[in-house]
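The structure under discussion appears below in the form of structure tokens.
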Amino acid sequence: MQTEKIFDTLTKKFGNDVTPILEAAPSEPFILVKADKIYDVCLFLRDNSELDFDYMMCLTGVHQKPDLGVVYHLYSIKHKHKIVLKTFVSIDAPNVPTVERIWRSADWHEREAWDMYGINFEGHHNLIRILCPYDWEGFPLRKDYVTPEEYHGMRVPY
Amino acid sequence: MANYIKNMWDGVYTVLVGMKITWKHMFMKKVTVQYPDEMYPIPKNARNRLQLYADQCNGCNSCARICPVNCISIETLRVTPNDPENPKVLEDPENDHWLPRKLWVTKYDIDMAKCCYCSLCTTVCPSAAIQHTTDFEYSSYFKEDLLYHFTAMTPETVVSKKQMLEEHQAKEKAAKAAAAAKAAEEQAKAAATASAN
Amino acid sequence: METNIFIQLLGNNWIAYTAIAVLPLGFLLLYALVAILAELKVSAWMQDRLGPMRTGPWGILQPLAEVVKLLQKEDITPDLANKVLYNLAPYMMFTGAYAAVAVIPFSQQFVPSNINLGLFYIFAVSAIATIGVVMGGWASNNKYSLLGAMRSVAQIISYEIPAAMAILATAVLASSLNLNEINTVQDGGIFNWFIFGGPGPWFKVFVLPFTFGLCLIYMIASLAETNRTPFDIPEGESELVAGYHTEYGGMKFAMFFLGEYVNMFIVSAIMATIFFGGWQSPFGSSIMSGPVWGLFWFLAKVGTVVFFQIWLRWTLPRLRVDQLMDLGWKYLLPMSFICFFAIALWKMLI
Amino acid sequence: MAEKKTFEMEYSKVDTERMRLNVGPQHPSTHGVLRLEVELDGEIVTEVVPHMGYLHRCFEKHCEAMTYPQCIPYIDRLDYISSMNNEWPYVMGVEKLMGIEVPERVEYIRVIMAELNRIANHQIAVATFGLDAGAFTPFLYYFRDREEILAILEKASGGRLLYNYFWVGGLAADVHPTFKQECLDVIKHIRATNAEVTNLLIYNKIFIDRTANVGILPADVAINFGCSGPVLRGSGFPLDLRRAEPYSIYDRFDFNVVVGKGEVGTLGDCWDRNIVRMGEMEESCKIIEQAIAQMPDTGDVQEKLPKKIRIPKSEILSRAESPKGDLGFYIVGNGTDKPERLRCRATSFINLSVLPEISKGYMIADLILILGSIDIVLGEVDR
């Protein structure tokens, strides 16, 4: 299915909650989704037999000042089409519903996004740090992150 | 029951097949290279220890800038124009072609403990001054020994060159100031004459 | 006792007994060094490597260097280990292995202790090694060690039965439990060895599959009893790090190691004795036989079996613990019963 | 699943205490510094909790402070066993964003290099898998051959393991003159060793017993977990990016997508994942042979580039089929010479997430094998 058609299907279903944004190549066109609707949109994307996005390629946290964002790269193995979803939340209340129950691969991706950006995935069964130590403070990939001087008495910048 | 016997047969047979292979290998040519005595051939372009040919380095700092791990640190000093030594930089080593030097490289340190052997520095170097050698046996007991100082200048020369430059700069400054003062004076004079007129 | 060469030479006094006792110990230490070297070299050759080449010519001093290295290591006892058992376990293991040497007929003239219950005795004392393993595994207070020890016990217990069946079959053939006696029966060349059914008329060919089978069963069971690949699950390094001796180092580890190699020797010696005629010459009692030749033949046979064990080790992957039990109880045990039954029947017929 | 049920049936009646066992981070078979917190019921695994991050090197944070060419040495160090394959999606993404095409000769050399490195990776994967099962000898046979591959890669790039060879717009250096012949020679050796290991290890009864019916991963679960590469294909699902969305010049080659067939056990077990790797080595050999036949003998290996590589405000998820599976780099440019965001869709990371799911109910020894069959590299998991 063409990207435009996917966009049409989505706008028909969700109305104002989704905003398709077509970008010039090589950037991929994406759909901006309101954060609280992301679960419904994803569920629709996976379960609709015409869309059938059964494979989640990537879930990335981003920090595009001033907001935190989550980028979902989805892929349909059957129909061989892709789609990019984006959602942005304010850095003060970075709450995004989890899609862990839709694609299990989102589990660790979301933990990583929490680890690096502090994006709180509501409803995630085990939202703890994954790459940083469990007691690490701060969210390292935020643009305003300041590297701490010490961690348990060890100097951090070598 | 058939499965039972087949299992047994498979077990014995595949073990025997495996044993035949290992037996054959016992008499095959061995591939071990007895390292300190014989060496595995190292290609000429192998990336090992970095080497600076100080004659060729003109101190442009591009290697330090491209290094992803910041293992090169360079300090340079402008050459005094009327330096009696008349320093030169080897521009083309094959034709022995030298050019006047613009910068003294007073410090060129490579911390080989940090180096990641990516060879980015050797590609950006405009004069092929920094190059990878095929020497990989340079481990040492102390981390400090892996900090290589490549510049040939002694601290005394550096100090004297600095002094020379400072003197030169002071002289230049003084000359400039004098010139400026002179100009101002002339201007004042001119202004005075103008106003007098 | 009359057959013992030391008593013949030195008389029935304490010097002779000391010599009898000490000689196998020295021999075993020497053997262990050679076996370790063989293990290193054979494994290397099978893997297209050269193996150790630096210590001595062709690396022949490598085992010695390793022993020296182990001796120099700090003797560590973990804080939470049960100190007494922890320290005792390696020696227990070695003791069990060493005690079994007492009845091995090295040669016609030299059997340290020529008792009539040789086979039975070996089975009794070699079980002591298991106790050492369990002691070490449990006392280390390490979960890996404990798992290794539990596996080891399960393994050794299940594999002693097929091994015992195999040995008993030869006891039936020889009508004796005395190891030297068993050897003497196999007199008269290679075809009188028990792997070929022992001395008998031409129609013993019917019993050959069963004796071969028993030999194979004993081979497999003995591998399991000595914790060697493919049955090295008690110390399977990919899952249990080092199994029951995870926490051991230095001298104590060396004792475990020595125990393992001595155990290898014991099972190989039993195998050589009961299936391959022990010190008997393969060409009959007239050619190349005698006390010294006997020792030579015995050692050659043991060496071959040990080589076989090494060969298998570097060929095969490791079994899983439940598959090990499967193999022991579902395959080896029924097969050993069948073979035993057939041999007993044959013995009754002739 | 048959085996799984038996264990549960046999042991469910016995009231036992469960034991928490720490596998790793210093354990011979976790392939690095992975820590698995395992709950055991006797020897049966009831729960696996992976703890990662022991090798975390802040790759993504680093790259935000690096220029685009400077990132490549760091990318080499993600999956340090197949660096060429790691560099490829990244440089491909940057090239796409910059809108440059690389010369044809470069594409061929890249294909050959990537496939050679894929073989080297699969050799390690199969070898260490055998090692996990207790077979030491095939491990060294494979390392012997891998050495020859590394020698070729070293001659071309200068590095043995971390090449920094694929550069934006081309290659770091041209290949040496004897390159083609050496490749053909090494393929012969690879095939011979593969045949040998197939007899020695793959079809060994003990090995089959150990790996068949163990760690069964059904295809739908694998897709839901986002698995890719041999882990997904071992479940019988033929998803290979080289075939599904042919990047570079993969549409010019004739090769099969190897999938597991459940030959000796259930579809999607450890043995299947392993045999997929064996098959892929052969397919890679075929690709290399074709590429060598088609490759132009002379030509430029580096496109002319601006002195500073700048990427306009744009983004891309650039994917390529690495030996571990679908490796992607999400590159966001912001108009400067440094990326705004560089995210690595690390294949091992995603594939590892399936481990707790498929290892429940098997024995501790199987857990090690399942982990080995997933073929992770901790450099990529922890990044």
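Per-chain residue numbering starts at 1, and chain names A, B, C and D are given in the order in which the chains are listed.
Simple rule for what comes next: a contact is a pair of C-beta atoms (placed from the backbone, for glycine too) under 8 Å apart; a residue touches a chain by one contact, two chains touch by 3 or more.
What you are looking at is a predicted structure, and each value in this text was computed from that prediction instead of being measured.
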item	value
Touch-network distance, chain A to chain D, counted in steps	1
C-D or B-C, whichever has more C-beta pairs in contact	C-D
Whole-Å gap separating chain C and chain D, where each centre is the average of the chain's CA atoms	44
Chain centre separation in whole Å, for chain C relative to chain A (CA means)	62
Between chain C and chain B, distance of the C-alpha-averaged centres to the nearest whole Å	61
Chain centre separation in whole Å, for chain D relative to chain B (CA means)	34
Numbers and ranges of chain A residues touching at least 2 other chains	none
Per-residue overlap in chain C, given as positions that touch at least 2 other chains	46-49, 314-316
Multi-chain contact sites of chain D, meaning residues that touch two or more partners	137, 141, 144, 200-201, 204, 206
Category of the chain touch graph - line, ring, star, complete, other	other
Interchain contacts (touch definition) - all pairs	A-D, B-C, B-D, C-D
Chain C - residues contacting chain D, complex	43, 46-49, 143-144, 147, 151, 229-230, 232-233, 236-241, 314-323
Contacting residues of chain B [partner chain D, same complex]	7, 10-11, 13-15, 17-18, 21-22, 25, 31, 43, 45-47, 66, 68-69, 116-120, 123, 132
Residue ranges of chain A touching chain D (in the complex, touch as defined)	23-24, 26-28, 54-58, 60, 62-64, 71, 73, 77, 80, 84, 103-105, 107-109, 116, 129-133, 140-141
Residues on chain D engaged by chain B in the complex (per definition of touch)	66-67, 69-74, 76-77, 137, 141, 144, 147, 154-155, 157-159, 162, 164, 172-173, 176, 196, 199-201, 203-206
Chain D - residues contacting chain A, complex	52-53, 56, 58, 60-61, 64, 96-97, 99, 221, 223-227, 237, 239, 244-245, 314-317, 319, 326, 328, 330, 332, 340-341, 343, 345, 349-350, 353, 357, 382-383
